[in-house]
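Here's the structure we're looking at; comments come further down.
Naming follows writing order (A, B, C and D), and every chain is counted from residue 1.
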Amino acid sequence: MKKVYPDPKASLEGLLRDGMTIMAGGFGLCGIPDELIAAIQASGVKDLTVVSNNAGIDGVGLGKLLETRQVKKMISSYVGENKEFARQFLGGELEIEFNPQGTLAERIRAGGAGIPAFYTKTGYGTQVAEGKETKEFDGHHYVMERGLFADLAIVHAWKGDTEGNLVYRKTARNFNPMMATAAAVTVAQVEQLVQPGELDADHIHTPGIFIKRIIHVPVREKRIEQRTVRKRGDAAAAAGGGTH
Amino acid sequence: MAWTREQMAERAAKELKDGFYVNLGIGIPTLVSNYIPDGMTVQLQSENGMLGMGPFPYEGEEDPDLINAGKQTITALPTTSYFTSADSFGMIRGGHINLSILGAMQVAENGDLANWMIPGKMVKGMGGAMDLVAGVKKVVVVMEHVAKNKDGSESAKLLKSCDLPLTGTRVVDMVITDLGVFTIDKEGTGGMTLVELADGVTEDEIKGKTEGAYTVALR
Amino acid sequence: MAWTREQMAERAAKELKDGFYVNLGIGIPTLVSNYIPDGMTVQLQSENGMLGMGPFPYEGEEDPDLINAGKQTITALPTTSYFTSADSFGMIRGGHINLSILGAMQVAENGDLANWMIPGKMVKGMGGAMDLVAGVKKVVVVMEHVAKNKDGSESAKLLKSCDLPLTGTRVVDMVITDLGVFTIDKEGTGGMTLVELADGVTEDEIKGKTEGAYTVALR
Amino acid sequence: MKKVYPDPKASLEGLLRDGMTIMAGGFGLCGIPDELIAAIQASGVKDLTVVSNNAGIDGVGLGKLLETRQVKKMISSYVGENKEFARQFLGGELEIEFNPQGTLAERIRAGGAGIPAFYTKTGYGTQVAEGKETKEFDGHHYVMERGLFADLAIVHAWKGDTEGNLVYRKTARNFNPMMATAAAVTVAQVEQLVQPGELDADHIHTPGIFIKRIIHVPVREKRIEQRTVRKRGDAAAAAGGGTH
């Protein structure tokens, strides 16, 4: 079983069809499988439902698929950074299902772990709970959320071996490991492709069982969405927060 | 006279305790990290998968793989750990974070919170806000006491009930505005209580700018 | 004449395919790993949190931190990864394991399986068996065709319906006994089918030792 | 906030009370917090409900607490290796709630992650589902299982830093990481205690937030339950399987 493919296009061969559901890892532009997204764009496949925390920025990440109008529906938690997205959404060309970020992450994990539904406090009593079953446990109210499972997941990792074992780097991990488990086929792009045995078995984030195809992507400049810095000599400098 | 953004952040920092794990929202809440008292250890969680957030990087040392939930470049600390988004929200929803400090559009006297959408405007999404307010043990809102409208008028933000779509029901424990500090008995029947006035602010000024009912118990 | 334990394991090994991820139960199923064809890559999962199980260690090289689900000392391979029990059963329940081979006390013609308790006897627990049969894509049972009772009599194990407490309902795809091989249409209405006879075994012998209904379609 | 305590007894000070629920990590004798168990035994606390995949063997691991009859009830998936357990159970002195191993693991994870209940196929139509709600999703039947949360969890890790960040070794990981998240207080014993920064942040299995107290336990001979070996020169040697 050879899992290694020569390039993004080859790694998606036979996997794409109109109307399918695709999960794409990443948070903002951090840890996104940009080369695989580009190959999906080039394929021309359309009417996609895309599950991803964000929708990229104009021309970068999932912004690419929005430009070419290949996306019919997004399932996301925050899509604030994309003008083309706003234009299509306000024009009624694009459907969006907002999920609270933790609910989205858990729905994906559940889908990959054979759990069809779970209960969460998140969103109880809000628009998010409309039309969903609710249930009381020990005096508290919860919303039932369903597991998510896709036809295809595309993920980005720092290192991978030819068996498909993956290791992610810093906050580029984010949604990638859950998505890798929650699709009929998962394709991974890795910055460093190594041989089995080169990764420490105690520190593999995604076991190879979840990865059907893997490609090595050349190192390129990674995009930064919000470049925040401090000057040398600054004593106090706030650590940034956020809820996107 | 009223508190500045910095003074509101400084006041919010008084809710920190040694050993706390804290999640800070965008805006004024972010500034709270500047007011962590010396000798107090507080670990900042970033819901995109990091515990132990450090300050912004020096110029030229930005790492695209190391960002916070506001998508800003940040740094790590010796205590830092990274994890998945699922584990991150397990931590949040499971009640392991001691304190969440975040902004708001409206807060109701029963602790309801609205801070994610305005009908008719472009909706960007709730991000992790709904999970944070539902899961974190103590939720502190930091916001201006009133909203300034385009026509120059002001609208109350501390209300009997929110008219904007909710982020969570009965989730807010404390509201810090530029005019003062309120506590909310979100799980009981104690309602909202004015407990502090900002420098030079009178009870009357707050009364005129607050729609929600509250009792006064200045301390 | 009938198949030996080794022959049953060898027959079960024919269900392996290149690239399969497989979970093997205790007893005869464990022997299946001796019959993986050369050139075929099969990764063995151990539900206590390991993928890529190697052979038993050489004497003196046992590692107490490296055991399989039978609590036996084993070794790792270059492909090995370790994970939590929750992740391990996520893998199992989520349908990511291609094949589970395990033993049984009883199998019913509809695919029901009983292999974890006998009322009145000390119950040790089901371990991971219920998760494996519920979650793994293909479930192959390897067992003796009949049970030998203490008084020397024999009891059928392939039944109309199990009388022992179930491990799972409609979960078994194939049964390999010392006398032959049956397939079961566990999700449809096709019932049980006898598809192979062990060396020297006749249809009549199987007929006499099988309580459950089956059709014959030898191949 | 000092998390480091000098010894097992000190690390449990003020945490023990009769009738409480304790989660204990480990699979068989692999990765069990044996020193903390010994300290619980010495404390004399009784009527415990203990959540643990297994019940140790006679005199080792949880077998210690069974010897002294400190356990009222076990929640486990397999308890086959303990004569004292069998004696007390058959004598009606000990209550046992059997959970399928994956259900047990997921219930603990759910408890730690704020999920009060979830659905699983496991056990549908069996004794395990008796008295539990069931539900159909997409034509399949599932059982609702509840999250588990304990008063105290005790875990064993390979390395830990003074912040409470933990790293486990090989299959000694097992139930420890979930249990660390699913109790009001978690105490960890580690074979190596290091300073913050010595563990790779990408490879911490349990973030320090989950660990309230930590102790360094001296290296000792770890017990092996089933010593299986091959002779040098053996060509084929079965990899062991099992479903315990």
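Everything that follows uses one rule, which is that a residue touches a chain if its C-beta (ideal position, glycine included) is under 8 Å from a C-beta of that chain, and two chains touch if they have at least 3 such contacts.
What you are looking at is a predicted structure, and each value in this text was computed from that prediction instead of being measured.
Asks: Could you tell me which chains are in contact with chain C and with chain D alike?
Replies: Neighbours common to chain C and chain D are A.
Asks: Measuring between mean CA coordinates, which chain is farthest from chain C?
Replies: B
Asks: As a quick test, compute the distance in whole Å between the mean CA positions of chain A and chain B.
Replies: So the centroids are 27 Å from each other.
Asks: Using Cα averages as centroids, what's the distance between chain A and chain D in whole Å?
Replies: Here the centre of chain D sits 32 Å away from the centre of chain A.
Asks: Can you work out the whole-Å distance between the CA centroids of chain B and chain D?
Replies: 36
Asks: So what's the Cα centroid distance for chain B and chain C, whole Å?
Replies: Centre-to-centre distance between chain B and chain C: 55 Å.
Asks: Give me the residues of chain B that touch two or more other chains.
Replies: 76, 82-83, 89-90, 92-93, 135
Asks: Any chance you could list the residues of chain A touching two or more other chains?
Replies: 106, 109, 113-115, 120-121, 168-170, 173, 201-202
Asks: Determine which chains touch and list them pairwise.
Replies: Every pair of chains in contact is listed here: A-B, A-C, A-D, B-D, C-D.
Asks: In the complex of these two chains, what residues of chain A are touching chain B?
Replies: Against chain B, chain A makes touches at 27-31, 53, 76-81, 86, 89-90, 98, 100-106, 108-109, 120-128, 158, 168-178, 205, 222-232, 234, 236-244.
Asks: Provide the residue numbers of chain B that touch chain D in the complex, in ascending order.
Replies: 18-19, 21, 41, 43, 45, 51-52, 76-83, 89-97, 135
Asks: Under the stated contact criterion, what part of chain B meets chain A in this complex?
Replies: Touching chain A: residues 23-26, 29-31, 33-34, 44, 46-50, 53-59, 61-74, 76, 82-86, 88-90, 92-93, 101-102, 122-132, 134-135, 165-169 of chain B.
Asks: Any idea which chain D residues touch chain B in the complex?
Replies: Chain D reaches chain B through residues 1, 109, 111-115, 161, 163, 165, 181, 195-197, 201-202, 204, 207-210.
Asks: In their shared complex, at which residues does chain A touch chain D?
Replies: 106, 110, 113-121, 135, 137-138, 140, 142, 146, 167-170, 173, 200-203
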